[in-house]
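Heads up, the thing below is written out as structure tokens.
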Amino acid sequence: MTELSASSAGTRTSAETLVSVEDMKVHFPIKRGVLLDRTVGYVYAVDGVDLEIKRGETYGLVGESGCGKSTLGRAMLRLTEPTNGRMIFDGTDFSSLKGEELRTTRRRIQMVFQDPLSSLDPRQSVESILVEGLRAHGMDKGKESTGKRLRELLAAVGLPAKSLRKYPHEFSGGQRQRIGIARALAVEPDLIVADEPVSALDVSVQAQVVNLLQELQDQFGLTFLVIAHDLAVVKHISDRVGVMYLGGLVEEATADDLYAEPLHPYTRALLSAVPVPDPQVEDRRERILLAGDLPSPANPPSGCRFHTRCPWRQQTKCDTDRPVLREIKPGHKVACHWAEDIEAGKIKPHEVAPILVEEMDGMSPDIPLVGPASVTEALNP
Amino acid sequence: TSERGSDTGSGKVGGTFTFGAAGAPKLFDPFYATDGETFRVSRQMYEGLVGFKPGTAEVEPALATKWESTPDGKTWTFTLKEGVKFHDGTPFNAEATCVNFNRWYNQKGAAQSDAVSQYWLDNFGGFADTPDKPSLYKSCTAKDAKTAVVELTGATSQFPSVLGFTSFSISSPEALKKYDADNVVQAGDSFTYPAYANEHPTGTGPFKFGKFDKANNVVELVRNDDYHGDKAKLDKVVFRIIPDETARKQALEAGDIDGYDLPNAADWKGLQDKGFNVAIRPAFNVMYLGINQKNNPKLQDLKVRQAIMSAINREQLVKSQLPEGAKVATQFMPDTINGFNKSVPEVKYDLEKAKSLLKEAGAEGLTLKFYWPTEVTRPYMPSPKDIYGAIAGDLEKAGIKLDTVSKPWNGGYLTDVDNGVPDLFLLGWTGDNGTAQNWIGTFFGRTDNRFNTGASAWGKSLADALAAANSEPDEAKRTQMYSDLNKKIMEEYLPAIPVSHSPPALVLKKDIKGIVPSPLTDEKFGPASKG
Amino acid sequence: MLRYTIRRLIQLVGVVLVLSLLLFAWLRSLPGGPVSALLGERATPESRAALTKQLGLDQPILIQYFKFLGRALSGDFGVSNGVQPGDSAMEIFLQRFPATVELSVFALVIAIVFGIPLGYLAAKRRGTWFDNSSVIGSLVGVAIPVFFLAYVLKDVFSKALGLPSTGRQDAIEATRVTGFFTLDGILTGEWDATFNALEHLILPALALSSIPFAVIFRITRAAVLDVLDEDFVRTAESKGLTAQVIRRRHVLRNAMLPVVTTVGLQTGALLSGAVLTEKVFGFAGVGEALALGFERRDYPVLLLLIIMATIVYVLVNLLVDLSYALIDPRIRAR
Amino acid sequence: MALLEVRDLTVVFERKGEDPFRAVDGVSFDVEPGQTVGLVGESGCGKSVTSLAIMGLLPKRGARVTGSVVYDGTELLKLSDREMRDRRGRDLGMVFQDPLSSLNPVIPIGVQVSEVLERHRGMSRKEAMSEAKDLLDKVGIPDPNRRLTEYPHQLSGGMRQRALIAIALACRPKLLIADEPTTALDVTIQAQILALMKELVQDLGTALVMITHDLGVVAGLCDEVNVLYAGKVVEKAMRHELFARPRHPYTHGLLASIPRLDAPRGEKLTPIKGSVSDNIPWAQGCAFAPRCPNALDLCFSETPAEEDQLGRLLRCHNPVVPGTPAVEEVPV
Amino acid sequence: MALGVTKKEKIDDLAESAGVSLAASAWKRLRRSPVFLIGAGITAVFVVLSILSPWLAPHDPGDPMLITQVIKARNEIPAPQPGHPLGGDLQGRDFLSRMLVGSQQTLIVGVGATLIGLTGGLILGTLAGAIGGWVDSVVMRLVDVMLSLPALLLAFSIAAMFARPSQFSVIIAISIVQIPVFARLLRGSMLAQRGSDHVLAATSLGVKRGAIIFRHMLPNSLGPVIVQSTLVLATAIIEAAALSFLGLGNPNDRVPEWGQMLGDVQKVFDTHPHLAVWPAVCIIIVALGFTLMGETLREALDPKNRR
């Protein structure tokens, strides 16, 4: 798989491709040890992801909690250092940049976070939040022009101009998210990575932000990577959608294609599981219920990561070979050994006995270690 | 209000006398002892050739019934008491006496340390194998069973009264040998002692060693039924170790102990009111304000030192800070010592005089580094902080500026005083015996002393004069020489300011009889009785 | 769990080594010390110099330290020159340690027996006068200097209650087996000795328990408040369980987690507090030895006792951490 | 007669130094035996407080509950603490939102299931344990024997929620209240849990009060739906009715602002303006008025009464006319 | 009609001020909390008193003006008398003046120790929390060593190490003990800040590292540290007393400090209890004041208590 992506790297980076991620891996070490910490295992949060985002498009990334969406996003921005792989951004290898060069290039890739409150420094006024980025990149050219720019930004995200002097806590959730978006916009980025931009918002407010994102894209020609677990939202705003399962992409297609004809068993199950606010649809729907839970990323299943829960699982290949993401139809890629056969109805789904998801003893970093690790820890009042 | 328990002999036989000790005895071999708690216990089990008359510092016969010296004061013949037996049943005689002398003189290795054989080093100088450090002791011969002849290398006023020190008590030669008495080993910062010193002290005294129960913090002595003199009336003497003074007081009040040493002066009245016998000892000490002439040349001016003396309201100090019976010191020794000079005038508090003296000396605005010790109380200095406060207040009134430093007694104070760091310091002395040499000789007998008298021209002559007086064998002459020196010290030299003599006390239950408070803290429990 | 224990033990050794070197170096660089203590006011410059040389105090600190370490490994930490002059420091520690253990355990028991139920009640009655006054009371408990409280107990309460006002020192003489006076009496059948020991323990233990009590009370209260807010308590209520079962099985068990840690940390307060309390009551334990050691600058004893205090403190907390696993299955895996 | 009749339920929180806060304001609804009733609304609208009030689980101090809750002929609000304890877990079961924090972390799952059996069905520990095993099996927990001795942290999120359902249904209550039972779960797991609940409720004939903010969940599960806004039921209808013809501007707005998976891409969403916190701060008037495109001046001064309009209950002065899909375009 | 319009405007305003900040809501709750008000009141009175004390004190606290009334032998000290309402102390100094001036010294010791501890903790905590990696490990090992000794015992030991005890040595001994506590506290919140979204946001904005640390991480980590400071102030005053009690305090008592006054009178506690009770009660009240303030502050700032 690695060879494949490496050899095709040159051809892929066409003019219209803004971002291309190649074999990105992020493995978080799990450390234990008597005296010195030894690494006893890894959380395979992102485990070999290739993807491309075209200039001006919105790429949506969906998947269940813990499948590595956020980690992938962060690794692309180098907020988490990837273990392996690289990201070519507009022709330059962003992954290998260092120091000042990295810092100045960061301007072009911005992020919007899930929790609008925690992503804003509570001690800074909206003005200084917005100016900070400008200043970091020498875009703060005099009081006058900066002031004008700030007002433009606020207008763009639909906030009143008098917001500048206020502090984040004085805004509602939706408004805060707008500030976060304005901050990202301030430095005139090319790419905005939005990690769950609406999932912390009230349902009635979600739509405001979703609409805003779409408007901004039209207005500024931005490229978006939208990460979300809500399929409906992703489908609504994305041109293309990638589905992640346990650290890897399992399917990638345009939004409509994906919904119309999901090829990967996981995608099928996922789509069928999303409730639709329409009783008639709900009453009609056939559900594909998956058995069991998402396996621990510290101990991923061999072969196809999904084989433990897959109703179409076959005796061969599934539990030994890891399927590669391959293009089955134009613009529609899927990582399944049997995708064609399933589509053609050659393989029928069968019952799957739920398999216990074993936590490797204490390995999962999800378990909060309640109580102090030592005397000294507990001294924190 | 002092009740001298002179009613010796009356009183019941039997019973246990429990004494509250401030600390555990370090060991039981008096020769290596250096501290009061150790001496107090040893004193009950041992006797020396000479002793002190109860309640005084005067020498009296003990194991030796009489002694005489050649006119040059170098050869001393002791006639020993007969029929005396050590606790282990072996006889005491001239030979045993000489074994003890030779044991002292022949200490080896770690035992020669200043921290181990301190009393020997102070009073007799070096050892047999330290030729560079001459010894006062030369030899001991057993002329016959009851006559021992001790030869010295020079005359000293202190002999034979030093033999009354508990350190120079006579031990059983047999036991010394059996329990490896001289085997002192240095271990790290300290010394460990042999079995003799820890478990088998063997003397001739009225009490025998019982046990040292470390778990209960109790030392127990039992009556020596074979004692050669008046047998002890008490069955047992128990020393209960109670380090905290208040705890000792409360233990006394609760009836757990029968007495303890050095009650806080502030408690005397209360204890008396509660019906205890506060036995006040004669004040056999002196507290002085030390002056070091080294660092500040102004201090080499007699007028400045006199000004300091006049500036201090010693009377007020004695009245407010010291226990009942304390007196202002006119010189560096109490009046019970031969050589005390009655004609030394008492210098009164006179602020104006102090100021004018300072003016004359051109020492107005003088700044002095004044040291006082923390973490200590001494019989002559019950509360250093308060005493310092009073003196400092007086000096400041006279226009002397003070740079005050306080350090823990063992945590730098003594070291600094010895190294001549301060200009003024508080210190004092408790006498070991009744010789003048033990007082002014100790203070000024050398020029590199704590007052650095060598800095003044008279320092050397004073030291020489003291040496001469000490080696004068004739008692009357010697006394006169010391008396003259005392006057000179106070009027012409004034190397330091003697402040006060204060009486320490001992508190006992009313029903304890026969204990005579001693200026040397040399209280013997042999004659005591309870009830 | 085992690995964790070993790790902590190795850390402890490191801490003790570093600590001992620091203490040793600093103590040695101070004026006074053994020489002053051994010679006292009768010292002369010569005797001082001679003794300094003889004790090897003129050698470089590091050499002195290694010598010290060599001896220390065989249990020889030197000889006291202030607390119990002449006794070896180790002897002093061994002799006094049971007393402090007895006192601390007693104090801790008082603190726990009163602190936990009161804390629970206060939390249950949050905001009532009972809660407010006990919270303020516990804050006062922390604000009272321990030794002042000890004096008040000693001088006022001992008379009122007819209890001995001195600790241990005037305990009656008895056969000593373990050094724990209360235990010894039971072992040897000398009941009066046990009774006497208990009498002597009460007031110092009360004084010593003030801070642990206040802390345990407040932690319990806070922990119970936290747990009462937890969803699983609501679940338990929704099951219709009886109040007792909820209190015992759901609330207290979870609330005990932070309390247990706190109890471990209170060893620190107990050890420090013992220095003050034992001094006031003349309770012949390690604390008093430390107090005397500080006063009299008895460095060999201080060195050993401080190291021992560290070891005890760290070990107790290690034990507490380990026992944590008994109540919290989430930690067991480690 | 309805199994549960909630009438005019009002919960007021008294907070020191602040004005009392009406979290639930005159909520009424009925639950027939075997029926599934939905309570939907956005965060903070009083869903959980309503359910806790029914269960008698609100704090004794600080919360004033008025109105009436009649369960099977008994007025629950008048029961003593002890009587209420006898009913909870036996007659009324409840499932909570966060399965991890809703289970006691230091007690084995088995005990947590069996204690409710011991309490209400007088079983011995042993009987209860074996019954617990069956229960775990029934809710689809694999290898139930082993899970009995395990602790919550050893289970995955879905398994935990299954265990909670097992606890709630252990005594076969006639009424189950589920407070957002799937919000903390992933879609695929949510589907499992919803299917499980549906199945169990049908098998046992249990009535279900389903609390959720997800209109999709309601659409698939409930017979009757109550839409809450700021503590009041603003609209109540059978589910087909409601989704087909939302009448309250709020319901209408909600449906219009949710992106739908089955809708073609590019369809514009029409959000509701403002945010939930933009409530009307005084007692009169409709709380939704500040955000409402249909608001009249009347809406700001007079609280709309609950009225039966066209076969459904509605609290609105100016409801959306059925068949007019267009909500006025709101500037963002 | 008009009514509706005005109400609508009002609502717009309200909507804009929706959400209340942590600090503001904390303050709102604090203002009404009687416990906080008591604590703050005590603290305020104490601070004002200690600042004004040199002018309030009727006499020089170091002048043994009543020395003639001190008679050790009979355990007599100056009784209350005209001009000296509380009498004199063991050295005949005016006790009221000493109590008054003592408040200032007490404040100095408390504030001094807290400031030094805070500064040390800030430096170590910032290093560990902001830089991380081996710096963090080294700093934390150091902190662990310091924490392996019970706090007060560490203070005693440090105080005992000063060859020349003084007010300074007391302050140092107390403050060093606090350094690890502050350091851990700060490190903890810094680490939390480091992973927080707004720091990530600043990083991805390309803000320089120093600016991130000092403009984002540090200011946002200070809250708990400041709360801790008020608590440490209380402990410092109490610990100073314990040090004096053990003879490790400032031996120069011409300008006294309460703890020193209390620690120094142990010998006469049973006969002149008032010499101990006055400073003790003052210490307790002041420590209580600071603690009440700190605890209520902490509780108010705890997000858990926002409801």
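The letters A, B, C, D and E name the chains in turn, as written, and every chain counts its residues from 1.
The criterion applied here is as follows: a contact is a pair of C-beta atoms (placed from the backbone, for glycine too) under 8 Å apart; a residue touches a chain by one contact, two chains touch by 3 or more.
Which chain is which protein? Per UniProt: A = ATP-binding cassette domain-containing protein; C, E = ABC transporter permease; D = ABC transporter ATP-binding protein.
It should be emphasised that the depicted structure is a prediction, and the values quoted were computed from it without experimental measurement.
Interface comparison, A-D versus B-E: the higher number of contacting C-beta pairs is recorded for A-D.
The chain with its CA mean position farthest from that of chain D is B.
Once the centre of each chain is set as its mean CA position, chain A and chain C (ABC transporter permease) turn out to be 53 Å apart. Distance between chain centres (mean CA atoms), chain B to chain D: 92 Å. Each chain gets one centre point, the mean of its Cα atoms, and the points for chain B and chain C (ABC transporter permease) are 40 Å apart. Shown for chain B are the residues that touch two or more other chains, namely 246, 375, 407-408, 411-412. Taken residue by residue, chain A touches two or more other chains at 172, 367, 370, 374-375, 379, whereas all remaining positions touch fewer.
Listed for chain D are residues 105, 153, 274-275, 277-278, each touching two or more other chains.
Looking at the complex, you find that chain C (ABC transporter permease) touches chain D at residues 127, 230-232, 234-243, 245, 249-250, 253-254, 257, 327-330. Only residues 23-27, 34-35, 110, 113-115, 118, 121-122, 186-193, 213-218, 240-244, 246-247, 250-251, 254, 256-257, 375, 378, 407-416, 418, 427, 429, 448 of chain B touch chain C (ABC transporter permease) when the two sit together in their complex.
For chain E (ABC transporter permease) in complex with chain A, the touching residues are 15-22, 24, 143-144, 147-148, 180-181, 184-185, 188, 196-198, 200-208, 211, 215-216, 219-220, 224, 228, 231, 298. For chain E (ABC transporter permease) in complex with chain B, the touching residues are 63-64, 67-68, 70-75, 90-92, 163-165, 247, 251-254, 264, 267-268, 270-271. On the side of chain C (ABC transporter permease), the complex with chain B involves touching residues 30-45, 47-48, 50-51, 54-55, 57, 67-68, 71, 76-88, 91, 95, 164-167, 169-171, 173-174, 176, 179, 279, 281-282, 284, 288, 292, 295-297, 299-300.
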